[in-house]
Amino acid sequence: MKAGTMLQVGIVGYGYWGPNLVRNFAELARCRVAAIADLDEGKLALAQRRFPSVRTSTDVNDLINDPTIDVIVIATPVRTHFKLAMAALKADKHVWLEKPMTETVAEARQLVDEAERRGKTLHVDHTFVYTGAVQKMGELIARGDLGDVLYYDSVRVNLGLFQHDVNVISDLAVHDFSILAYLLNQHPVAVSAAGVNHFPGTPENLAYITLFYDSGIIAHTSVNWLAPVKVRQVLVGGSKKMMIYDDLQNSEKLKVYDKGVSFTDDPKQIHQMRVGYRTGDMWAPATNETEALRTEGEHFLDCILEGKTSLTDGQLGLKVVEIIEAATASMQNRGRTIQIKNLEIIS
Amino acid sequence: MKAGTMLQVGIVGYGYWGPNLVRNFAELARCRVAAIADLDEGKLALAQRRFPSVRTSTDVNDLINDPTIDVIVIATPVRTHFKLAMAALKADKHVWLEKPMTETVAEARQLVDEAERRGKTLHVDHTFVYTGAVQKMGELIARGDLGDVLYYDSVRVNLGLFQHDVNVISDLAVHDFSILAYLLNQHPVAVSAAGVNHFPGTPENLAYITLFYDSGIIAHTSVNWLAPVKVRQVLVGGSKKMMIYDDLQNSEKLKVYDKGVSFTDDPKQIHQMRVGYRTGDMWAPATNETEALRTEGEHFLDCILEGKTSLTDGQLGLKVVEIIEAATASMQNRGRTIQIKNLEIIS
Amino acid sequence: MKAGTMLQVGIVGYGYWGPNLVRNFAELARCRVAAIADLDEGKLALAQRRFPSVRTSTDVNDLINDPTIDVIVIATPVRTHFKLAMAALKADKHVWLEKPMTETVAEARQLVDEAERRGKTLHVDHTFVYTGAVQKMGELIARGDLGDVLYYDSVRVNLGLFQHDVNVISDLAVHDFSILAYLLNQHPVAVSAAGVNHFPGTPENLAYITLFYDSGIIAHTSVNWLAPVKVRQVLVGGSKKMMIYDDLQNSEKLKVYDKGVSFTDDPKQIHQMRVGYRTGDMWAPATNETEALRTEGEHFLDCILEGKTSLTDGQLGLKVVEIIEAATASMQNRGRTIQIKNLEIIS
Amino acid sequence: MKAGTMLQVGIVGYGYWGPNLVRNFAELARCRVAAIADLDEGKLALAQRRFPSVRTSTDVNDLINDPTIDVIVIATPVRTHFKLAMAALKADKHVWLEKPMTETVAEARQLVDEAERRGKTLHVDHTFVYTGAVQKMGELIARGDLGDVLYYDSVRVNLGLFQHDVNVISDLAVHDFSILAYLLNQHPVAVSAAGVNHFPGTPENLAYITLFYDSGIIAHTSVNWLAPVKVRQVLVGGSKKMMIYDDLQNSEKLKVYDKGVSFTDDPKQIHQMRVGYRTGDMWAPATNETEALRTEGEHFLDCILEGKTSLTDGQLGLKVVEIIEAATASMQNRGRTIQIKNLEIIS
């Protein structure tokens, strides 16, 4: 598709996240929101009032079968992702899919294959990857400021909206899985997870997930829909520096600490403590404050119009689904360690 | 032993924690620090300067064999705990033992048996149990304010002193194990732990431990000697209320939240969200600000002089060692779930 | 005007605050936004796009002279307030006026008189008075929980938008003046203020204002457009309890401390310290989280339709202008104390 | 006095601060605590127990008249400072005097003259000047990192010990007066202060003080013994950078912000906002964590033994007393502006 084209966008799902997508796509210069589909006529009426020039429909096929539409954005419950995305790809549309990509690894793999076969952009909306803080973290790690990454430790808890179709891993830990894939460019080899549902008939509302990497890195995330306070905090330890990303701060979301330990090999000290501490400055770099969804939208259009590869493409989305699937299996077996690639049980 | 007696105390070990013990025992009305033993003459000289009237010795047997000494306080490396405590008990002394009680469950069990056989007080110094905040937490749980306890979630991280004889579980998670034993009066049935040592030849410096209870309670603790900031925070979720204990706050260490969820059974809502949220007041009760070690010292003397049972007696200390042993075994097997009672591997 | 009527609202000024006003009035059930006026056609185009059914005009007289319009909402620069509000009142409209009410006390007094003569509602938009936290503070003071109020101490600093027509007192301290009028139901008798403009040709960007009350209460506010961090914090000290209102907290904005001092009259202690401290619980009451502007809008309609008196009517707005005028005069004389009522210089 | 000499120190007053002084002087290599005087025999007994080799006396003259004593350290109530310090100087001792130096400017001036006449070191214990954070602040200002200093804004509040002989200005604001003298190397020309005593017969427990400098700098401090929380926070605004010093933080006490405003002179923008904002990185430099009193003690010995001039000598102490005297006078006249040099009333 040649640059300069005004892409026509159809958005499916106008529930919790849909209005944010419509607002952002409406403000992008290189595309136009042509149509919105939702099963709920009340929601469509709301959309119509805010965006009088956009066409609405309760039938998603009105969008998928419309040859003038170039892009389908899917913001529906996860159980419908595979079917809708596959239909859109088969109709030769570019696809923006909410996270998590699909319910199963097998489905995710089919979508990746289909998109590749047709040369279409398949983008998964892992929004956090596009925040200024995560982008800056990636930059610092990539240029070696942290030294070797040793661990990643995340806490995402709050008195949350209990989901009824997905568990807390799919809802919250998914953010860490995508950030990790972006920051480390490595795939974990095994996972051990524990979790519970405190209310019968509902999905797990609290979980602890540990990811193991061949490089020796360990990653952990605590997620909880039943906490009295909201926390969104990530620690990353490196051999040279360490950093903390607190997403709830209004400013200075990212802090980099020139702190660490060093070991002596002095044989005379072999029976004593051989660890030295280094406590230096702390530095909070200014980060890009553009709304992440805006940055992500521009990047998505670059992928379609300029042939770039999405930072959160189907491949990354697939890897995230692999981790969710393995973590959920482990959690349902009281922490049994699960190998990720082929989903075998290790122990 | 009849009330009114002035107990004679011998303290073994004048390293990191010993001076705090001497200072506190010196201030208690019902006892007197008679002697201090340490292998290091420099440390003894220091002790002598601060407490000119106390006898010092490099030979612990000078204390254990002294018939005028009633109590032996042991603040030495953990690998020496069993031998010293057993010798003291066999010499018919009451024993105060630093945490963790022993290196192995088997040793702990022998000490408990010996103390019981001889009718001596065997007390393990799990200091946190005696803080005003933990005491208040126990009170609130006991009188039902929280409803059913659902989870316990703790974070203890800092740029810590790397220990060379014990791992981070024995150093930091041990606090949670004793607090849990005190608060819940239940013993976990299984544990899954993950951890790493980032520096060859040193014990694990980072670990994540999940404890499973038959009642359905789940407990988790994150411990880390390699974090850029210090955190000491515990969340406890209950069916009625939730609480946060932040030990680093100068005031309002404990906050109780009147927050939670409630479920409807309305069949009409069966396909919708059935969860309601309750967001009420927060309350930070005043807590006893007496130094925990002082409170604990008085309690220890009550046990000896008035026949009370220590809140952190050998039985509790033994259970803590069981959890440490199981957690360490799980950690060394990448999270393999370990049953606690008989240390079998579940999966 | 009888209840049930649908009031027709005309809004003048669609700059920084205007869009918030339009959005809120548009959502109120008992009124309808009929027209928007602004000198800037670009802004009107923006308004038109968001609210296609609203009439727009660059001439404010189109609204003031329209007999179908019942209410004029004025969100223009303060130097235009008097003229526009007076014209609206003379056209027998109810008036909602942004803060500060007018540039001078004399103007404010004329508006109050005109509104009274015509039986129209004259409401000044001191939004903070309608926040859940300030309402709760008012409730606690009114029912005597704090005992006698002893002091009010506020800090409002940030790296702010430098205003070019008003100083930092009119921009930030004005919030404290209205909150104080609401909470205390007293008028200060004197003011001493200090301030500077750090950049030639601009209004004062930093000021410290102390208000003196006949009851002995002292109130102080620090306001600053040139601070590296944002602070919005109010302390209120009472003889029984004290409270802190931190508007930047996401939750627990208001905290009530059961702390204080008590004095002994024991003659034996006359040469010693006679003050005792009381340190009790802290309590963060749940507060109404409705958007303040929504609460205020409903209250304004109650005033018009049900004859209520506005909590922030012209009388309160006038008192706030008196304080601004006196404080600015004091500031321009390096803290010279100014009596408020008749603006005489005391010293 | 030649280097290498072991100075003999006599310490007068073993109340609140005295024990800290004894402990610190006892640890300095170049001096020896020879004697302690206090009127209270109980306190002397306490001192004797902790420091068995130190001579004690209830008569201060035993120290002042002892020819072997080189240094007199005075930590008694402020009303006794002048008499004791003058006696010590006349006995040819070097003097360390607690803050504030004296009750009156006249007394301070006499002490400065006497010390100069006799060539003795007269040092005032403004401890804060010797903290790592204040030293770092001084360094950053001196090397121009902040650009021109524009303002200094301090808050020191807590539920404090009500003093019965001095007001809250002498107790808390005194810290700011000494820090300002150290950082700015300028003397304020005028002061305006407001304050109250909420309890009859006690000194003022709450005060707001504004200092005016000829350079245009404005300094302000809020001090309060009746606040529900403890705050110790200083903001310093510069034309290039700004900084915050929070003394209650365990780490990162000092933060430097690369934030500010810049003005355009573009005539086309004359009717618009001409201010631009710069929001860059934040940086928390590592600061010296040595106990301030230790640093100060070494510096004091350098002054005596190496002829250095104390950073907080009698001249600085005198200037602080001038500000206290003027601020107290202003406070007792409801903020009346007072010129500092000759204590005339300006307005």
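Letters are used for the chains, namely A, B, C and D, taken in the order the chains are written, and counting of residues starts over at 1 for each.
The rule is short, and it goes like this: a residue touches a chain if its C-beta (ideal position, glycine included) is under 8 Å from a C-beta of that chain, and two chains touch if they have at least 3 such contacts.
This one's a predicted model, so the numbers in the text were calculated from it and none came from an experiment.
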{"item": "Chain pair with the higher count of C-beta pairs in contact (A-C, A-D)", "value": "A-D"}
{"item": "Interface composition of copies subunit B and subunit C: same or different, split at half", "value": "same"}
{"item": "Centroid-based (C-alpha) most distant chain relative to subunit C", "value": "B"}
{"item": "Inter-centroid spacing, subunit C versus subunit A (mean Cα positions, whole Å)", "value": "43"}
{"item": "Chain centre separation (subunit A, subunit D; CA means) in Å", "value": "53"}
{"item": "Junction residues of subunit B, two or more chains touched", "value": "229, 251, 279, 282"}
{"item": "Subunit B residues within the subunit D interface of the complex", "value": "50, 52, 229-230, 248, 250-251"}
{"item": "Contact footprint of subunit B on subunit C as seen in their complex", "value": "251-252, 258, 279-286"}
{"item": "Subunit A - residues contacting subunit B, complex", "value": "150-151, 153, 155, 157, 159, 161-162, 164, 190, 192, 194-196, 198-199, 202, 206, 208, 210, 212, 216, 218, 220, 222, 224, 226-229, 235, 237, 239, 242-244, 255, 257, 259-261, 263, 273-275, 277, 279, 282, 333-337, 345-347"}
